[in-house]
Amino acid sequence: MLKVGVIGCGYWGPNLIRNFNGLPDAEVTAIADLDEKRLAHVGLLYPGARKTTDHLTIVQDPTIDAVVVATPMSTHYPLGRQVLEAGKHLFVEKPMATTSDDCRALIDLARRRDRVLMVGHTFIYTPAVRKIKALIDSGELGDVYYVNVQRVNLGIFQKDANVVWDLAPHDVSIVNYLFGADPVRVSATGRCYVQHDLGIEDVAFLTLEYPEGRLAHIHVSWLDPNKIRNTTVVGSRKMLVYDDVSPAEKIRVYDKGVDVQPHYDNFGEFQLLYRSGDVFIPRLDTVEPLRVEAQHFVDVVAGKTELMTTGVHGLRVVQVLEQACRSIKEDGRPQDLAYAL
Amino acid sequence: MLKVGVIGCGYWGPNLIRNFNGLPDAEVTAIADLDEKRLAHVGLLYPGARKTTDHLTIVQDPTIDAVVVATPMSTHYPLGRQVLEAGKHLFVEKPMATTSDDCRALIDLARRRDRVLMVGHTFIYTPAVRKIKALIDSGELGDVYYVNVQRVNLGIFQKDANVVWDLAPHDVSIVNYLFGADPVRVSATGRCYVQHDLGIEDVAFLTLEYPEGRLAHIHVSWLDPNKIRNTTVVGSRKMLVYDDVSPAEKIRVYDKGVDVQPHYDNFGEFQLLYRSGDVFIPRLDTVEPLRVEAQHFVDVVAGKTELMTTGVHGLRVVQVLEQACRSIKEDGRPQDLAYAL
Amino acid sequence: MLKVGVIGCGYWGPNLIRNFNGLPDAEVTAIADLDEKRLAHVGLLYPGARKTTDHLTIVQDPTIDAVVVATPMSTHYPLGRQVLEAGKHLFVEKPMATTSDDCRALIDLARRRDRVLMVGHTFIYTPAVRKIKALIDSGELGDVYYVNVQRVNLGIFQKDANVVWDLAPHDVSIVNYLFGADPVRVSATGRCYVQHDLGIEDVAFLTLEYPEGRLAHIHVSWLDPNKIRNTTVVGSRKMLVYDDVSPAEKIRVYDKGVDVQPHYDNFGEFQLLYRSGDVFIPRLDTVEPLRVEAQHFVDVVAGKTELMTTGVHGLRVVQVLEQACRSIKEDGRPQDLAYAL
Amino acid sequence: MLKVGVIGCGYWGPNLIRNFNGLPDAEVTAIADLDEKRLAHVGLLYPGARKTTDHLTIVQDPTIDAVVVATPMSTHYPLGRQVLEAGKHLFVEKPMATTSDDCRALIDLARRRDRVLMVGHTFIYTPAVRKIKALIDSGELGDVYYVNVQRVNLGIFQKDANVVWDLAPHDVSIVNYLFGADPVRVSATGRCYVQHDLGIEDVAFLTLEYPEGRLAHIHVSWLDPNKIRNTTVVGSRKMLVYDDVSPAEKIRVYDKGVDVQPHYDNFGEFQLLYRSGDVFIPRLDTVEPLRVEAQHFVDVVAGKTELMTTGVHGLRVVQVLEQACRSIKEDGRPQDLAYAL
């Protein structure tokens, strides 16, 4: 039975507590948060766990095997460092840290202490992303040309991170996973419409260039009243659309079908030409992704499986975000990406 | 009764012939095309019009008042020049020409000869785009922040133009019209996946910067098996989505509504938070846009109204396309846009 | 070359004229209508055809081989009778006539004169209905249990027919074709909301019982501001939804998939359970159904193929409508259907 | 603080436990179920409540104020009777009982003991149904003509109830509430496709006639692989569609708009005519309906508000179901409904 401590129970933490607690071979024994009201609320739901406003009592608790860090991103590095130095396994939310140097430091520390360091890139554990990966790897889509992502809604305006750091980690992580590669160049344009005085971007467009000419384009925004979570993967044989907001039809695979004829005598014929191939909507498991993710962490700690969202995976994401933000500052000038680690 | 000659009856020409012919105060009296088979086919539909493979017999026909040029883009300039030099009014399809210098030459010629020069940017004449313009101008959306466009489908791979020249003219024209302004900078990334050897881009992402910090992002592609024609306009008060493929719900206006609360105890609550405001779907007229456009041309020639899609409008579009393609060649480096005319 | 005369060019007639005229082996040589304005309008589009307000000049024209009757339903029988008695082939719109006795008289007359009598049940010639028939016959859906139809929109309120006679002919024809059988009993409930004083039903619900326990339920209405044309076919293996209003996804085939588990601990899990199987959306041909229908008539006259929508098919539809209306008058009491012919 | 006992924690009970437990002025202190495994599972989630397989220990517990009965419908009456006789308030799931006589006995008992008797018709407590009621009562829809309901999916095949008793209680309850009236006649057709040998209907079509000529039509099925929960309300001014499966757009209000013109010259014009008015999609609260329902029960017990889903409301629903099933047995013959209580 893995004893787990959780630091942070604001927006995302309660979901992690609930899922780790629901596993047969794990148990959340302590929960820390600076906000006593949140702590009291979570205490009602999980009466068995110890509650504290001092996270160090968790870090230093010898009965605790692993610590989940679900706090604001600026604290990921200092808290993660404390956890690893105390010899505990670390599950840290995305983005892994606010700089690639900090990411490298955590990776290095975990190696030296021989502890598991997993980054909470949840989407890698969703049935939808797994299905897309399987469809790509099986050749079903043919050669994959490009990926186009929209991740927009009326978001909470963060004070300590722009929209790129808030939303793009999901998509960079997903595309790196799908392509099995890291981008070699990124360009980005962003704007600070609402928090103009703070200089915090609330909308951005990123273009990532991958090896072999592949592209990924990512549009993130906190300004859109309609929530969209759309990922399109275009291949030489088929195309796939992943709509994460759709309850029942998350993935649609579009076949190419026959070509369209070039001449139309009237508006009606012209209007008829909407699509030319079959569409297939596969059934997906309805498992909660966080449960899969939590179980994966427990299994990795137990040596049963190999870690998927490693520290290096988390680092690569942060490196892309860093260079994307540099491109924004330079009015869209492309930035190269090199990975000496 | 305006006597109209039409040069080119391939993909788009027949639609123009049908609409000009259906006007009460215009008549298509001559049609030219190099392809005798197309000419014979169109002849069956319009037995009253003269058919010819020599377009010069139209240009030089003294009974013809105006000529419609609906040929491949590389011929727009030489044909347009002949028409204007012959003292006839000119309706030329978009893009107006393949270089901004050629556009300027046509504008200059039309001024000197005092003839109407209209560019066929059809979307400016659609009920949907007119409605969006009205919603923006009325302040309904608040300050408009940015526009995001997807114009993708399984297209006909052109041999004499890339996807930017083929599809983006629509969107640059629309956004310039909506913003009442021209972009000051453009960056773009493109790829030649299918026609790699010819070096013709089949997918591209364009970012246009407008005055006052406004952005427009345009994604064009010939590679997507699912046809998408989506334009999102995000403002400080509301957001609007224009789906040109939807038969009955082309425009949706999303209100902002209340803010979302930041804490969720379970996956269900989290899943519930899809949208926070009302949605309004206005009824649109079902008029055929080409008919409005054709009537507009006839009215302008008759001095009844002021020209909307002028030569300068067409030139501005071509200038953006030129610089976007330069940016693609320079791996996405942003290109400034200046308009001395 | 089949010489065709068309009587009636109001709502539907022009579509028939255009399609018959577009066939390589047919030609509309004469058009009749009582409304001179409609006649003049159609004359502009088809200058080669003779126009007349006296349909008898078509019926008696020895150069005409076949006559299309596209007039109000109350005139189908007298006009059809004249056409057949004049020894011409007859294409008559649905419903075939206003009573089953009149239908029988036309069938009898056509047999005696050895002329083709085809009823214009267009849907039998659509790619969608053909595809559904193929899916049923192949066993793809398993045993077909029932069909449920909604055919509603803001309709034109007829003065000479209720909504059952106006809209249900389509669906009775379709279901009879899909099941390869005729119903044995019908019950129906209807209401006259808008034309209450005229006693003309504008909404009705019909339940048809077919052999082997199969059911068809049909909802027709002129009152619904949103146009719906939905046909659901539920079988033991799969289910199919045919949405005739959808431009690109007319047919969706739903697989059964796995069963759902009966216990849920929270609202989120409960909400997740929307669907349990794959969905398949086959590509359909974009041919215009009326063209297929017109070509079928010409081919039948030429002896090239066997007639699909025969007089008996049209009669069966009328018999069901008659008994459905009787059930409405008797407050929903079921009415048996027997077919001695 | 209201002390609540819950009998039954199978499919629906856990949702009731969770919601009653989450109220500030109620507490679930005891839970009964015959299945020890379910009991153990729920015990983990609610460690503070007493668990028992003998429901009588709840009924007879003097510290318990109110009992929630969420067991199979055949036990609603005997259990409800015991609860009321023990002098406790009763919340009983729908359908209230298996016969109208049993419903009347419970109503009578509750009156004599002066206890609250509430039936769990949850939909009356949803934001969507409340919104529809408000739209109808405000006159927004004009005179309401009819309601059409589809409630179908791949259901769990019950052994002790047919699809009418399983699913139609929701809709009869909703329509009675919306119309503020009870139906005067019902006809129904049903079929036992899958459980043919048991004679348990798995699909049915019900037609309910209300005062003033209003209609409600209800289609229920366990056989449809695609889940549909659609309620259409058609009025003289507007129409409303309530799609309970849609996460973000549950209610759409369709305006009538202008009439369509009756003549079309080509297929394109014809295809364009999909809809003629504006559409409005109001924002709805995202509150969980069961929480509202649970709070309502607690408030009624505390005398703070008037009971909405009374025993009589539950009885009226059962009376309709009884007569609908009689109509099914008599091949669709309409059955009158009289309400002497």
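Going by the order they are written in, the chains are A, B, C and D; count residues from 1 in each one.
Everything below uses one rule, namely that contacts are C-beta pairs under 8 Å (C-beta built on N, C-alpha and C of every residue); 3 or more make two chains touch, one makes a residue touch a chain.
From a predicted model like this one, the values you see are computed outputs, not experimental measurements.
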{"item": "Both-way neighbours, i.e. chains that touch chain D and touch chain B", "value": "A, C"}
{"item": "Furthest chain, CA centroid comparison against chain C", "value": "A"}
{"item": "Pair of chains joined by more contacts [C-beta pairs], B-C or C-D", "value": "C-D"}
{"item": "Mean-CA-position distance for chain D and chain C (Å)", "value": "37"}
{"item": "Centre distance in Å when chain A and chain C are each reduced to the mean of their C-alpha atoms", "value": "52"}
{"item": "For chain B paired with chain C, centre-to-centre distance based on mean C-alpha positions, whole Å", "value": "40"}
{"item": "Per-residue overlap in chain C, given as positions that touch at least 2 other chains", "value": "227, 245, 247-248, 255, 257, 266-272, 274-277, 279, 288"}
{"item": "Partner chain A, residues of chain B touching it in the complex", "value": "10-11, 14-15, 18, 38, 41, 45, 143, 145-146, 148, 150, 154, 156, 185, 187, 189, 191, 193-194, 203, 205, 207, 209, 213, 215, 217, 219, 221, 223-227, 232, 234, 236, 238-239, 241, 245, 252, 254-257, 259-260, 262-267, 270, 274-277, 279, 288, 290, 331-334"}
{"item": "Chain C contact footprint on chain A (complex, rising order)", "value": "247-249, 255, 257, 268-269, 271-283, 286, 288"}
{"item": "Chain B-touching residues of chain C, taken from the complex the two chains share", "value": "47-48, 227, 245, 247-248, 266-272"}
